[in-house]
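So that you can tell them apart, the chains are marked A, B, C and D in the order they are listed, and the count of residues begins at 1 in each.
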Amino acid sequence: MQEKNMGKRGFASDNNSGVHPRILKAISRVNEDHVIAYGDDKYTIQAIARIKDIFGGDAEVFFVFNGTAANVLGLKAATESWNSVICAETAHINSDECGAPEKFTGCKLLTLPAPDGKLNVDLISRHMHSFGFEHHTQPGVVSITQATEMGTLYTPREIREIAEYAHSHGLWLHIDGARICNAAAALGVSFEEMITATGTDILSFGGTKNGLMYGEAIVFLNRSLAENFRYVRKQGMQLASKMRYIAAQFDEMLKDDLWLENSLHANKMASLLAREAGSLPNVKITRKVEINGVFACLPPAIIEPLMKEFFFYVWNEPESEVRWMTSWDTTEEDIYSFTEVLKKLLADAGYA
Amino acid sequence: MQEKNMGKRGFASDNNSGVHPRILKAISRVNEDHVIAYGDDKYTIQAIARIKDIFGGDAEVFFVFNGTAANVLGLKAATESWNSVICAETAHINSDECGAPEKFTGCKLLTLPAPDGKLNVDLISRHMHSFGFEHHTQPGVVSITQATEMGTLYTPREIREIAEYAHSHGLWLHIDGARICNAAAALGVSFEEMITATGTDILSFGGTKNGLMYGEAIVFLNRSLAENFRYVRKQGMQLASKMRYIAAQFDEMLKDDLWLENSLHANKMASLLAREAGSLPNVKITRKVEINGVFACLPPAIIEPLMKEFFFYVWNEPESEVRWMTSWDTTEEDIYSFTEVLKKLLADAGYA
Amino acid sequence: MQEKNMGKRGFASDNNSGVHPRILKAISRVNEDHVIAYGDDKYTIQAIARIKDIFGGDAEVFFVFNGTAANVLGLKAATESWNSVICAETAHINSDECGAPEKFTGCKLLTLPAPDGKLNVDLISRHMHSFGFEHHTQPGVVSITQATEMGTLYTPREIREIAEYAHSHGLWLHIDGARICNAAAALGVSFEEMITATGTDILSFGGTKNGLMYGEAIVFLNRSLAENFRYVRKQGMQLASKMRYIAAQFDEMLKDDLWLENSLHANKMASLLAREAGSLPNVKITRKVEINGVFACLPPAIIEPLMKEFFFYVWNEPESEVRWMTSWDTTEEDIYSFTEVLKKLLADAGYA
Amino acid sequence: MQEKNMGKRGFASDNNSGVHPRILKAISRVNEDHVIAYGDDKYTIQAIARIKDIFGGDAEVFFVFNGTAANVLGLKAATESWNSVICAETAHINSDECGAPEKFTGCKLLTLPAPDGKLNVDLISRHMHSFGFEHHTQPGVVSITQATEMGTLYTPREIREIAEYAHSHGLWLHIDGARICNAAAALGVSFEEMITATGTDILSFGGTKNGLMYGEAIVFLNRSLAENFRYVRKQGMQLASKMRYIAAQFDEMLKDDLWLENSLHANKMASLLAREAGSLPNVKITRKVEINGVFACLPPAIIEPLMKEFFFYVWNEPESEVRWMTSWDTTEEDIYSFTEVLKKLLADAGYA
């Protein structure tokens, strides 16, 4: 396997970036002495307390290794195998987890077309039928992504509407929050307002894409769903022995608003990139830039040479739409270097 | 949940210790710029090359987050759901993984009594029947632990005998190597001699218990079993996005024999502890000390007060047998402080 | 639970009908003496030989209890858990098996919109991507239904096109043949022409809807997929102990073309019903009648009173589209009695 | 596959026998007209009412196709995947269902040595530990077999003791009743006394081994466990479309004590066989004959020639112990013919 060519900092994904220096330091700080393994240590207890606090004090919190696990195990806690999970076609759980939700929960995913990545009551209602009919999976959970895979946002009000609708039909609401920090930063709301107060039941609280090395938290706002979660996590192969190192990262990320600083920065860099790139000829920004992702259509011939300098992914090949993600460590110079190269490639290709 | 009382360095487990300073430094070293996520980066490529090298050059290597996953996904790669996995009753996969192997592979575990934790051809042969009989799970894999959960070792010759027997019946050999480094150090053999040359098919190559923060490698000596493993890992929720940080740890551990240094030290500390504690009145070392674990019977009344000073686990309550694990960071002073306290407690209790 | 009101013979489904007298007699005939359980008996051997024969002699055949099992276990034989199964949104495996395929195979179902229930290469090609990309399930099987849930048919040529396309991408072709006999009868082709010669790999060969009491056969035209199927069936809870009674039914159904007689009759009754009902005012036959199902739009107010006399199901409530299924035992009198009532209800409601 | 040689009626198993004439007639009787599929018909309603009645009126009842499914789906209803199921090593769910329980429930089976096939509180208590410890599966169900696979019986009092012990630890009690009719007949107790009054939560109520063609009932004495069972059954591929034919069999079996007549007869034939064979030289009846099975040790050289005349299975090869099962249709002549042959073979071999 040959490593793909890439610049020092590219726009491929916010998980291509490294670990924030404060996070690394926090890891070093807890690296002394022995502590009980598997989470029964003071660092984990402290980090969990901090997370509970930002969600209003009444949640259950469990750390796992990565986002796929946070989503899958969170869903497992809220379903029986004959339930179904309602989500957007573009949801990460549907399109990017290699069937992990189906394998581990046994549930069917009922998808909905959502060009901007967002569900709403109207869409969800299409699957609100066949309750009590044994030939049909029983809808058990609505899963939305905040911010969505398309870089869009739900307002707290929109989340509340979905939560209320879901609850009124006996379903739970799960949020895939791989970029929940970017969302909170962009919306200017607290986690409590966005998650707890909206009636969300389970949140996959992402850290890795916001400057952590590894580790995500599953936050059960609905504590009853967490009752036996310790067994789900262990059987799900997601119980870390040296838990303190995940805990320390979360603790640091939530201290002095490091999460907010990182997210605001990444979001701002995306706006800058959209503005700069969007002003170039034949570059069309295709979606509203609400967090740290920019989607753009480029002349097809430009894409490959541009990738050679700064790695990124093609999102939609037929439309020659690409995705550029910024990160906590993206600099203004990165943006300008990038748009400079882009500008030159466009000019060379005769676009002006 | 209240944190359990414990000394600065105890004898509870080798996963209660922290991360070796060289490992932390290696993590810092790779913490620059962007690299492609999910393992397609130069650090991962280099670490895998190093691992392949120490196994003789012809293996497939995949990193996962923890030992349970290494075992379960390794077994999944070698089984169909109607197979069974033969292991010792005391095997970690049987007794300490909350049914994760059954849940993810669908397989039944066929256990064997093994007081010293070791299987042999004679024991295994008890399950070598009912091939082709559809009412019975079909034995598919023998799984042994090296070193065992009881601190004992297989010689390379013993492993080869089991491998040959397994292969002659159409089964694969899996080794749970959570403490494979301690084993290699104690036996004074190379990984190639112990694993590759013995005919082992799959190894869970443990790092966490030998000074790493997190991360284990699944080494497929039998490359055919790895053909589709990338999907198994992803669907198994064990694909790390920021893979370079696991890779860097393994790379460092295997450089300049850090693994050997750590393991030799931990093993040596166990010997010292066994010698010192074993010389005290009414303390009986119950098992051969081959790696970094010491099993001992103590007067029951001593156990709790001793635990208050240095945390450890009771292994067998009715026999008042305890387990003391040493680690890469255990010092001679730790041993002497511990045996001093133990001596005093014994004296206070009237043992002399 | 109160039994739904229904006439002696209704149009709800071809599984609402009873067992053909010849089938019952065949069951009685094998009801003597002891025979080895689980399929190692002369009756089962004979029935399997007969099925192999009608498929050209080179298939593997296994009986199971019902259609859901035939589909799910057939798919299990052809997939790994990280594969996906491509099918129409309206496929029975997607919409009417309560997630059984996902639960037992672990696979994701990739659906396609197909208003007439039929897939084609163009539709299937939408999912022919991401091969080798570990974040995405790997397409493993195309599953079509012959005849479809919408009463439509694939020609052998259409099946062959799909099979060739599937094979050229490394996928298998599975056919849900719950109504395969109705299809063969309607097309006037042999099973060998329709299934074996088209390159189909696995067929769920339905019996229950064609006059049997219970029992379906899984026919592996691709014998390699059947190699370990005996274990899949047993672990799948589908190994019948008194197998001879399933075997006897299939044997009889395939003897002297009973299957054909039953299917031709049911198909013919559907045509008659479509003609008679379709000639009434405000009754619109909505789909081509190719086998034994008739879909029609009725004035909404008519539906409930009509159901009181002859039970059937509403297919599409918003469109007031209903489904009428005929069966091997439907008589011309049943049709005329039914259309008489329908006519009267229409007249009473002012339609003329 | 060649059919095994066998006499008209052998002693291989009670599922080698055919269907009782009254059962066949009952099937014919319900074979008229159309009825709603999937159990919403008058025959099913009536049969369920009859079963509820014999269990005291307060149970939930579901039909499935076979015994493996009855056991596995019953256990699924009472477990989460991280639970374990406690059973005897010799339990059918452990040794004869190809891992179906593990595959479908995800649970580990915790086995206990039980030479006579029976568990008791003392044995069960060995697994009553590690509650709340996430590394260990959580014991969720005790499963016993009545009558056991070794032909032995639990008294109602013994069942009650186990039920009370299980409940006091938060576990459910499941009974595999493949031969529950033989047990009730032998004990001279009602189903209500043996099952309902003892605190049993779930019963796999066997019919096939007592003269039925196919079909078993899952009886939930603990109705709360049945709440969502309709989905478990459908997703478990065990919902019969033409349900009336299973229902009719159970209804007939329970009418006018046909079940009792059949069971008493089979049990009596086993006693006769044990008496007759046991009086022959060098034939040793090895286990108490409580129901319809006889276990005996024979001179090894006799076994194969005897099998040629009357098929049966070797139970324990090293001990040359065989198992002879009688059935509802075994005649006294069968017994005498058999013992005659046995006697002759013994004499020919020089035993007298």
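Annotations
Basically, contacts are C-beta pairs under 8 Å (C-beta built on N, C-alpha and C of every residue); 3 or more make two chains touch, one makes a residue touch a chain.
Treat the numbers as computed from the prediction; the structure is a model and nothing was measured.
The chain with its C-alpha centre at the largest distance from the centre of subunit C is B.
Set against one another, C-D and B-D show the most C-beta pairs in contact at C-D.
Subunit A and subunit D have centres, each the mean of its CA atoms, that are 51 Å apart. Subunit C and subunit D have Cα centroids lying 33 Å from one another. Annotation: 42 Å between the Cα-based centres of subunit B and subunit D. Shown for subunit D are the residues in touch with two or more other chains, namely 81-82, 97-99, 103, 106, 134-135, 137, 231, 234-235, 239. Against subunit A, in their complex, subunit C makes its touches with residues 81-84, 95-99, 102-103, 106-109, 134-137. The touching residues of subunit C, counted against subunit B in their complex, run 38, 80-82, 106, 134-135, 137-138, 228, 230-235, 239. Listed in rising order, the residues of subunit A touching subunit B in the complex are 1, 3-4, 6-10, 12-13, 15-19, 24, 27-28, 30-37, 40-42, 45, 65-69, 72-73, 97-100, 103-104, 208, 213-214, 231, 234-242, 245, 311, 327.
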